[in-house]
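Both of the next two complexes hold chain A, though its partner changes from chain B to chain C.
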Partner chain A sequence: MTTKKYPKGGEFLVKETKPQDIFIPEEFSEEQIMIKETCRDFLEKEVAPLLDEIDNKKDGLMVELLGKAGELGLLGIAIPEKYEGFGQDMNTSMLSTEIMGTYSSFAVAFAAHAGISTLPILYYGTETQKSKYLPKLASGEYKGAYCLTEPGAGSDASSCKSKVILDKDSKHYILNGQKMWITNAGFADVFTVFAKIDDDKNLSAFIVEKTFNGISLGLEEPKMGIKGSSTCMIFFEDCKIPVENLLGERGDGFRIALNVLNNGRLKLAAAVLGAGKNVITNTITYANERVQFGKSISNFGAIKAKMGQQCIRLFAIESAIYRCSNDIHNNITELMAAGMSKEDALIHAQKEFAAESAILKVASSEALDYVVDEGVQIYGGMGYSSEAPMERAYRDSRINRIFEGTNEINRMLVVDFLMKKAFKNELPLLVASQAVAKELMSIPDFGEIDESLFVRENKLVANFKKAALLVSGAAAQKFMQKLGTEQEILMGISDIIADCYLSDSVLLRVERLIELKGEGNCKEQIAMAEVFIYDAADRIHKNAKDALNSFAEGDELRMMLLGIKRFTKHSGLNSKDKRRLIADKLIEENKHCF
Partner chain B sequence: MTTKKYPKGGEFLVKETKPQDIFIPEEFSEEQIMIKETCRDFLEKEVAPLLDEIDNKKDGLMVELLGKAGELGLLGIAIPEKYEGFGQDMNTSMLSTEIMGTYSSFAVAFAAHAGISTLPILYYGTETQKSKYLPKLASGEYKGAYCLTEPGAGSDASSCKSKVILDKDSKHYILNGQKMWITNAGFADVFTVFAKIDDDKNLSAFIVEKTFNGISLGLEEPKMGIKGSSTCMIFFEDCKIPVENLLGERGDGFRIALNVLNNGRLKLAAAVLGAGKNVITNTITYANERVQFGKSISNFGAIKAKMGQQCIRLFAIESAIYRCSNDIHNNITELMAAGMSKEDALIHAQKEFAAESAILKVASSEALDYVVDEGVQIYGGMGYSSEAPMERAYRDSRINRIFEGTNEINRMLVVDFLMKKAFKNELPLLVASQAVAKELMSIPDFGEIDESLFVRENKLVANFKKAALLVSGAAAQKFMQKLGTEQEILMGISDIIADCYLSDSVLLRVERLIELKGEGNCKEQIAMAEVFIYDAADRIHKNAKDALNSFAEGDELRMMLLGIKRFTKHSGLNSKDKRRLIADKLIEENKHCF
Partner chain C sequence: MKIVVCIKQVPDTTEIKIDPKTGTLIREGVPSIINPDDKGGLEMALQLKEEKGAHITVITMGPPQADLILREAFAMGADRAIHLTDRKFAGADTLATSYALAGALKKLDFDLLITGRQAIDGDTAQVGPQIAEHLDLPQVSYLEDLKFDGEKTFTMKRHIEEGYQILEVEAPCVVTVLSSANTPRYMSVGGIVDAYQKEVEVWGKDQIDVDETLLGLKGSPTSVHKAFARGLKPAGELYEVDTDEAVGIIINKMKEKFIL
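Our next item is the complex of A and B:
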């Protein structure tokens, strides 16, 4: 065994991380900032002025925009230079995804193309497949689509009915079936299609070109939002696919689909972050401008509380997003140093952090829904009007809790991924939860509360993890293999774990930031961490209590409830004043500024 | 002083009500049910088949539908028979509003017409005005609009700039100004317009006919939802209004506007209830039908939890809506028995319950947003598609938190109304909160917990009110007149009070229901009350804690926090199983059934 240098997936739950060991977005290099600015310039110049045209699906516009992004290299940021990409690392690719996430219809088209459609080929393609497709996908000459979902197979993706048989000539596969909800379908040139060969139990993956025969499209699906993004059914009728277009091995399809989604979820979180920051900027601009009762509505406490909270939620997910991205980056480096190919390292590292990615998919999509909802509310009547930006933001946001795995599925995956790691002895969950159970019996430490900066918060975050271990340990022991049918409990546990990860990350980030900038320059960030953790304590308490009340009894229940109370005990915070502090900074800057 | 027979507004906070003293929707008379069925038949026959046409604003369609509703008498349910209305009481009018609320674009047009546009004339009109306008408004020959909001005057409605001067002939007023966001503007014949005469500080109200000169309309406002409802700016340029069309006294306008909104808010709650029930029916139908992983998704615990919670939230607001409506009804009866005119009695009784109406406006609009949000989520990808009903429901719902006073304004009004009653010695808030403060010093009663039905819940609800009194009393004492600037605290207090009212109402309803039907026939309703109160305890705890932490300190804070803990202490509930019980009933009935 080699000595492990970098954090592994799920370890946040059982280990303490040092601020120096995480990456924070305030540390991006000049080169990374330059790429970010390129993305931003492109968006402001090419996309922002055309939001209505995009959503009205102006003929050829999205294709043109993707083409322009391709020319600037923005479609190939994660593609190796060898295939005419930009060859950038995970963090840079996340940063560009964040910026490209600003305007959602375009963002979804971009992500479907550069993410889930291109990556299967990058990760699993043969050298020939890669040389053939990646340069054209990177340049935007080809547009991509990812075709997994079917009318009868959504969350249960492996139940796809699309079927492939080998042609008599043995040179082609013949594909029959239909795919639904396919982003970019209307104009894509290359489709990654998942279907079963013969009567296989498992899916296989295929690279299908639009020019192959037997492909037809349904009408554009009318949708609540991201109206500029193309979504259609695709019908395959005796579609002939050259055998060399099988992607990966026969039966590998579901694994490919899922591994690509590990990346997709984290990228979704980054895109959502970008969208959210833009919403906050619009919100504060409007709140500063709009006068009622003789003052800007940004002056009202009720409005400050909302704006403060919008920032807190984005700040927390942002902290975790870049921590996770950099942990993956480090893992890749490590795996490659140990001799693994870059592609395999990517797959492995992303899988390693699958739980964190699922947490972030859920947390970010729900944070954005909160941010847009309050955005609408702060705009008042104008929030409901299509002539102001909130109305679109509200509709666009809602998709994120549905695709890339619904949030219910992702919540269950969080627990599932972690439990699997525990079973494989990759994560000492059992030992850790036994230690917590033992601690429950001990006399609590009623030592004086140290009020110096973050002492309380550090203790709390450590305790949050104990709460997570306590509830999940007890539930696992009680239900064993049947835990899967107790979904309500799983959801609760998943939310507790998410709060652990976010609290941990936001705290580490601010500690790191203070090291870099000094405490005096981080007042608002400190406040954000404090409020987030203060509220997280109550959320965890509630989730834990509900879960325990629903399966434990008698003395055992009482003891565990006491434990949870102890682990979420907070000495109190004036969250009103903290939110005002954050809002006041926003008001001053008149834009999102954290 | 006469002996008071019926509950007064705000009393729920300081008095115990008996189940026999409230009205529950299970007690509607046969005649009321018949009217309900008439509304339902009309909707299913005339409106439901045309939802797309309505939202596409098919020329003349909304006018035609309102006309048909008028022919059936549905526009005049609350108008006295003398003016060719149906002369029904408050409860019946609420019930019909609930049903008419099912399809939101139509519902909003209906409510704007039959509610806020017609009522000012009914309540404040002279005999001549009433005879002239009410019959035509009741029959639908005239359509009405309510014109208060202006570009610069939304929440701050009294800051309207629209101005009226007396014409030289002294026979006309001349109106100049513009109104914004006016529902039904596109086709209304009669406008209730609020504007200031000369340099008055206060608004006056006018009945303006479309045929008067100088009225022009802006374009239809493109909106997030309720797209079939007409919303335009209205411009008045030297619009001549006969002097006899002044409504009420000069300077009475703001009072008229506000009193009409007291009714409007409660009606909004009823309409939202109707919309919500329809959403639940669609949700369960879909969840029973949609199969993933080999079973109907309604079988999954995660989905049951959502559906159970959808029902719980609607059940709670429904309990409070009809309790409030009947309390108003009783008040009207009492006032009329004491010699007041029916119209004055209506105004007074509705004002008496202004706090409850504001609570219900907020609680119902937020319940509906929850219900539609989970509806979308349960539909998965189909929830995002305009081809299934959830997408529209989601967009339509969002307006309810904005109009009839934003939810921020209404939250503040709740506290304001109650405090004013206290100052006027109409409500013994001060005495009650002093009693609570005293109780804090006493040794808590650690008696055995009685687990028989609702003993715990009754104690809890009584305690919730103490929590409300504790926090509001302490805040009032601390900030005195400056409490208004501590909006975050006001919002928290308002939410606690709302939870008191809803908990009280849902519990009383189920107790009453058990009296009528027997415990064995109310299993799901019992579960709904239990879960609502269990969760309310935690919400109240959180709201109270946040408020107290933001203004109290030291020993006083510690003592109050202990008090809050005591007042929200719950012995525990398996809310998972309770929600499953509720959901299982839904699954069986395949429609909303409570």
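Our next item is the complex of A and C:
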């Protein structure tokens, strides 16, 4: 029996994927959908009616809501049954995160607890630590917080100053320092704290309980959005931590922090997707109700174009989110079959797809900012009023481009992750980019135009990848080890790679969907893939041109620019009509429906 | 105590649309739910289970996809689920439905049989009472509350047009419940995971005690003559005024419409 080879991280750039090899959200099982419905039911009945109270930080309310979520099992979805969770797979966990992302203040508290606070213990904890903390975190009896950032250590996390020394009795560590922007700080019972032991260069991680002495909290930070989530500074003054609460090995902290963020980024993308769908539902309902010039404003082309575009951007990231999550799921299965423990497999698989997760963190947070911005616009004056939901959605969205690593850091990570894989010979980027360079010398293929569905799009997506390989290959060759300091170029390359991943994913999803439901039932989805790829062609062209113009010159530059032009050449699309088609479906359904 | 709850899968009417050309319901793509009154009945059973201890069996009659609502009932806390499904049951009106269900129920031992008052897709409120007649059991309809003394007697609060009736009934009996009786609990994640590890028992006509000629379309004396969509009423007008002014407005409106 031959075992199936599942895709590896970054391979989307150099390998062709078949539609049946990806997972699409239309294929969730009945059981997964039931879990989704329970999440939705909980949110609509318990959270939605209290959004104002939540944002006003009504005493004890967030704790109560997290407690109720815990009773229903929503905090233990990804925790193994052995630790009194429900051992659900990556896709189910992502789906529940998507739904729980709908209302941002609650979503942030939920994600900080169930994600970045609980997972370090699950991934790196000893058996004793796991048995002690995970059941209580899964039930919601304990609330968790993740303490990495400090006043002087944000994006540069390893520069943190919090320090730990071993107590004379050798039974305790003594922690001194301060942490900043700590989500859930106001009510958390368990903190995962990162600090340096003695004069170590590397961070270590510790499980700190609220009841340990020497912990004090700053005031709640006033914030632009997610006002209902608790965010405080935490001060540790001679805080005594039992030695058995060191998480992982000494000096493991940075690795733990980063690996947990690989998961956090993908989860953020899912949560943002949930928030975005809700904004679209609110927007279309309003646009259908609001009458001006004698008709619903949803009938006007300017509004349809915006609504169509909102859907297209979310549909593309959704396609990539669940593709990535399932690729990670398959990778976990493969690693476990080869004898790896589940926890190690989770860490490895998420690291394998770190570039995709960073792409999705950036793309989703920026898509949501677009969606809420146009949401406010469609609401008009009401969009600016705190009485209507858009004002809150607009403010709440902004943080997503900042936390879990700023979008700038994440853009650079995308290139960094992929280059590292290439250097380690895990990803044949070099060979692929040499092949593209060679193709530039050859005579372009002016083959006959085939107007069958997606022939053009498939060719374009393949060419987008060539553009990415061309620019990244040329930049790597030019700057070698110094590429890391050319941040403007890295950000451009990252955006090209992101457009490749999203275009590839949205196209594969719709092709798969057509296999399942037939072309006639996928008109709007086809339109979304076509428009996304049509727009991506121009974005890639511009990003590639900007990058190449910044470092190449002469004949070489001219040749590469011609290549880029060829790789992003689109024969044209009536994107106006396509967006109208999508908007018309929304108008009919009066809610987000894709 | 042994409780059986009858539940039905219905289209979520809040999501339903009417085909403007044919005037019929567009069922495609409309999500299915447990009929709300039935869900209230299940919740009543679950509360009794928590208070006094009980074994709850849910039963439904319907096509294969009705399996979903039995899983939902498991996820809420039901102990056993029976799915009555057979092509011979198809096309049944309320009489043939209650006859088939009663045939299955005869094979079960219970102290209390709960059904919803009525289903939101048919609104007949007939199946529950008909089952009681087939089984020759006492019945109380339109229940809003029910207490059990732990021995043999139920105290019931029955909603009637003018108010309430408080009744005492001895087991075994049949009750029909209103969705207003309670707020059904959420399905828990653990419940959902368990629901897919449990087995739904599937029974066809051969597993139950029935006369085939009284089943399905053949056994249904009711036939639908015509289905049509009622036109939507235009939106009402809202005035925030004092009583005197309100009276004036109403009188004027009635004059406008030649009612006065």
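The working rule: the second predicted complex is superposed on the first by the 590 of 594 C-alpha atoms of A that agree within 3 Å, B and C clash if a C-alpha of one lies under 4 Å from a C-alpha of the other, contacts with A are read in each partner's own complex, and residues count from 1 in each chain.
By our rule, a contact is a pair of C-beta atoms (placed from the backbone, for glycine too) under 8 Å apart; a residue touches a chain by one contact, two chains touch by 3 or more.
In this text, all values refer to a predicted model and were calculated from it rather than measured experimentally.
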{"item": "Touching partner for A:Gly73 - first (chain B), second (chain C), both, neither", "value": "second"}
{"item": "Contacts of A:Leu273 with chain B and chain C, given as first, second, both or neither", "value": "neither"}
{"item": "Most chain A residues touched (candidates chain B, chain C)", "value": "B"}
{"item": "First, second, both or neither for A:Glu37, with chain B first and chain C second", "value": "second"}
{"item": "First (chain B), second (chain C), both or neither touched by A:Tyr384", "value": "first"}
{"item": "First, second, both or neither for A:Ala349, with chain B first and chain C second", "value": "neither"}
{"item": "Chain B and chain C footprints on chain A, overlapping residues", "value": "none"}
{"item": "Interfacial residue positions of chain C with respect to chain A in the complex", "value": "68, 71-72, 75, 186-193, 195-196"}
{"item": "Interface residues, chain A side, partner chain C - complex", "value": "30-31, 34-35, 37-38, 41-42, 45, 71-74, 76-77, 86, 88"}
{"item": "Footprint of chain A on chain B - complex, ascending", "value": "149, 152-156, 159, 180-181, 221-225, 291-294, 300-305, 376-377, 380-381, 383-387, 391, 394-395, 398-399, 401-403, 406-408, 411-412, 485-491, 538, 542, 545-546, 549-550, 557, 561, 572-577, 579"}
